[in-house]
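Below, chain A partners chain B and then partners chain C, in two separate complexes.
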Partner chain A sequence: MAVNEVKPTRSELIELKKKIKLSESGHKLLKMKRDGLILEFFEILGKAKNVRAELDASFKEASEKIGIAKSVEGTITVKSTAFALKDAPHIQVESHNIMGVVVPKIESSSVRKPMNKRGYGVLGTSSYIDEAADSYEILVEKIILAAEIETTMKRLLDDIEKTKRRVNALEFKVIPELTEAMVFIRLRLEEMERENTFRLKRIKKS
Partner chain B sequence: MRLLQKFKNKGKSSQYKGSSNYAYLATRVRAMKSNLVPTETYPRLMNMGISEITRLIQETEYKRDIDELARTYSGVDLIEHGLNQNLAETFTKLIEISEGEPNYLITEYLRNYDVWNIKTLLRGKYYNASTDEIKEAFVSAGQLSYTFLSELAGKQSYSEVISALESTEYYPILKEYDETNLSDIENRLDKMYYDGLFNVIGGSKSKDRKLFATFIKTEIDIKNVKTLFRLKKAEVDPDEILDLIIDGGLELNVKNIKKLLSLSYDDFVQALSKYSYWDTISEIVSSDTDSLINVETQLTKHSLKSASSFSHVYPLSIVPIMDYIISKRNEVNNLRIITRGKAANLSDDVIRNQLVI
Partner chain C sequence: MELAVVGDSEFITGFRLAGIKKIFEVNDDNLESTVNGTLKDSEIGILVMHDDDINKLPEILRGTLNDSVEPTIVTLGGTGESSNLRDKIKQSVGVDLWK
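After this line comes the complex of A and B, so read on.
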């Protein structure tokens, strides 16, 4: 709000005071939200780091196990055995709220199955296949967990950025401008008051 | 049709036709064995890259198969399919050149490839895999020819596949398949294979056949021990495990296995120390062993080594032929382990550990 656009009236001053009060309380709340989000973010960052490390380890393990299964049993065996597994894991995406930020909550079921319930026969397969399937089931679970945590982290980061911009806009733009306008009106009103007093004195004298 | 007729004619043990041609077969097998990759080549292969290994394999009897498949596959896939094709051709050749008793014994022993191909067909149809994908997974080293299997792979549904196998001995099991019991059907087919082998060795009286029986019984024992390890570790119900046990082992009969089933995993591991297989796995197995891969590898090595230990006795019998079948299969496995292992960036120690040299 440019100062020259402000009408130096008492009602405008009251309006401005209200706006400043509102902006200051909004600024305080947004600052609290930002700090809260940052705290949540750091908490989730720790978890994300652990999950990512676990995911990397699971991927390495799964790659090694499938490599062993393919080399010992052959790709043909691994591929044929994979044909026996048609059931895909069920993934349910729900949402929940962290300080106004909607984040996903991913629930999964039937990812891990007992070895004798996977769909392939036990006698015609081996522990090379079992362990490759096992390690990939673990990997899928870690991917689901990492997807939930990393999406939450990204959403929180976006919201922190947005809140930070709002806090800065209020702190460095809106509130100073409103304050400047208020000061201007106050000075202008004082000036008008003085002019009036002077005018009245002149009238009295004459 | 010829194959189906062959199946129809196939009866129970000792009902084989024609005179046994052991002398001829043993000579052919000896010549074929001389084409196997020498043992000292494997350490050299371990130090080579994939392209060098491909070049070396192309200097062996696999050249024709690799050249033939080079239009369809490349890299490690080419090597693997080339090895499998050669294995299938070699074993089919053995069935074709043998007559009488050896033909019957070889056919029964290689029946596991037929079982494998039927399982692949059922799995492929269950998954709605394309005809080409199913055909890629065939290893036609048994009685069912690749052409016949390809025809089956082209069928629209599993019921058509099963109808086409109506005249085979697999039909009584296959007709019970209803798309919800695939693992059960697979297990029953595998059990049928081992039961068939057990029937083959049932009435053996000669010394060479007794050796063959010992080899088959050891194989059954090893299969049972592997199954027990896998299922006990997965804490599967003892009754379910018992259904998957194959009768006719050398040291572990069903009565012994029933005793093992009632034990906890730790006690089961302890109880195994009474059997000769324990020496092979004692150093790597414990109650807190996470992975069974090494246990299974050691048991497989034990099975192959026990087979090769009596390969030189009775030269005009089934023994050298079985030794060749095992050696050939082992060669294909070793070459695949090295190439696939290198392609998957497995460490040299892991690859070396899986090799049976």
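After this line comes the complex of A and C, so read on.
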């Protein structure tokens, strides 16, 4: 709000005072929200780092295991075994609220299965395939965990950025401009009052 | 909801062994269209991709994938996801806390 756009009236001054009060309370609340979100973010940051490290390690191990299985059993055998599997893990995505930020909570049906429940013949396959299947099941579990934590982090970061922008806009743009306008009206009203007194004195004199 | 995997035959075989059914074998030509298709599929909750495949996608689609929550994208191999998160942290908090 530019100062020259403001009408120097008492009602405008009252309106501005109300706006400043509202902006200040909003600023205070948003600052509290930003601090709360940053605290939540710090809590989740450590977990996210660990999960990412575990995920990378699991992927490396699983890749090695399937590589061994392919070289021992042959790619076609591994692929045909993989096609024989029956049950797919199902995931449930629920949401919960952290200071107004909706974050997902992912739960899954059991990913790890005993060897005889996998769906392929135990006698027809070697232990290398079992080991590869085992390590991939572990990897899928880690993926589900990583998906939840990393999404939560992304959402928190988005909201931190948004709240930070709002706080800064209120602190450095909205409130200073409103205050400037209020000061301008106050000075202008005082000036008008002085002019009025002077005018009355002049009238009385003449 | 289900978990989906998009990648080359090398990448996806292991996931078939873990029992995942929504598996999309892709090459460089149909990668983009497959990823777009998975983004529209409401049954997919988590999308797993290799970091190298993500890097082959156009910048805009990569941005959409990074911001997507449903499905959530998990990248494997390389340093893709951690560097994405690192950049996001730097941008949002102002400090590199992913050290």
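Here, the second predicted complex is superposed on the first by the 205 of 206 C-alpha atoms of A that agree within 3 Å, B and C clash if a C-alpha of one lies under 4 Å from a C-alpha of the other, contacts with A are read in each partner's own complex, and residues count from 1 in each chain.
The definition used in the following text is that contacts are C-beta pairs under 8 Å (C-beta built on N, C-alpha and C of every residue); 3 or more make two chains touch, one makes a residue touch a chain.
This is a predicted model, so every value here is computed, not measured.
In the superposed model, A:Pro176 makes contact with neither chain B nor chain C. By the document's definition of touching, of the two partners only chain C reaches A:Lys49; chain B does not. After overlaying the two complexes on the shared chain, residue contacts for A:Lys79 are found with chain B and with chain C alike.
By the touch criterion stated above, A:Tyr128 is placed in contact with chain B alone, chain C being left untouched.
Looking at the shared chain after the overlay, A:Ser63 reaches both chain B and chain C.
Looking at the shared chain after the overlay, A:Gly100 reaches neither chain B nor chain C. With both structures placed on the common chain, the touch criterion links A:His90 to chain C but leaves chain B unconnected. Between chain B and chain C, C contacts the larger number of chain A residues. Common to the chain B and chain C interfaces on chain A are residues 63, 66, 70, 75, 79, 81-83, 85-86, 118-119. Contacts from chain B toward chain A in the complex involve residues 77, 80, 84, 115-116, 119-120, 123-124, 126-127, 129, 133-134, 136-137, 139, 182-187, 189-191, 194, 223, 226-227, 229-231, 234, 236, 240, 244, 246, 291-293, 295-297, 333, 336-341, 344-346, 350-351, 354. On the side of chain A, the complex with chain C involves touching residues 38, 41, 45, 48-49, 52, 55-56, 59, 62-63, 66, 70, 75, 78-79, 81-83, 85-93, 104, 106, 111, 113, 118-119, 129, 132-133, 135-137, 139-140, 143-144, 146-148, 150-151, 153-155, 157-158, 160-161, 164. Chain C makes touch with chain A in their complex at residues 1-3, 13-22, 45-46, 48, 66-67, 69-70, 72, 74, 76-77, 81-82, 85, 88-89, 91-93, 97-98. By the touch criterion stated above, chain A contacts chain B in their complex at residues 63-64, 66-68, 70-72, 74-77, 79-86, 114-116, 118-124, 126-128, 130-131.
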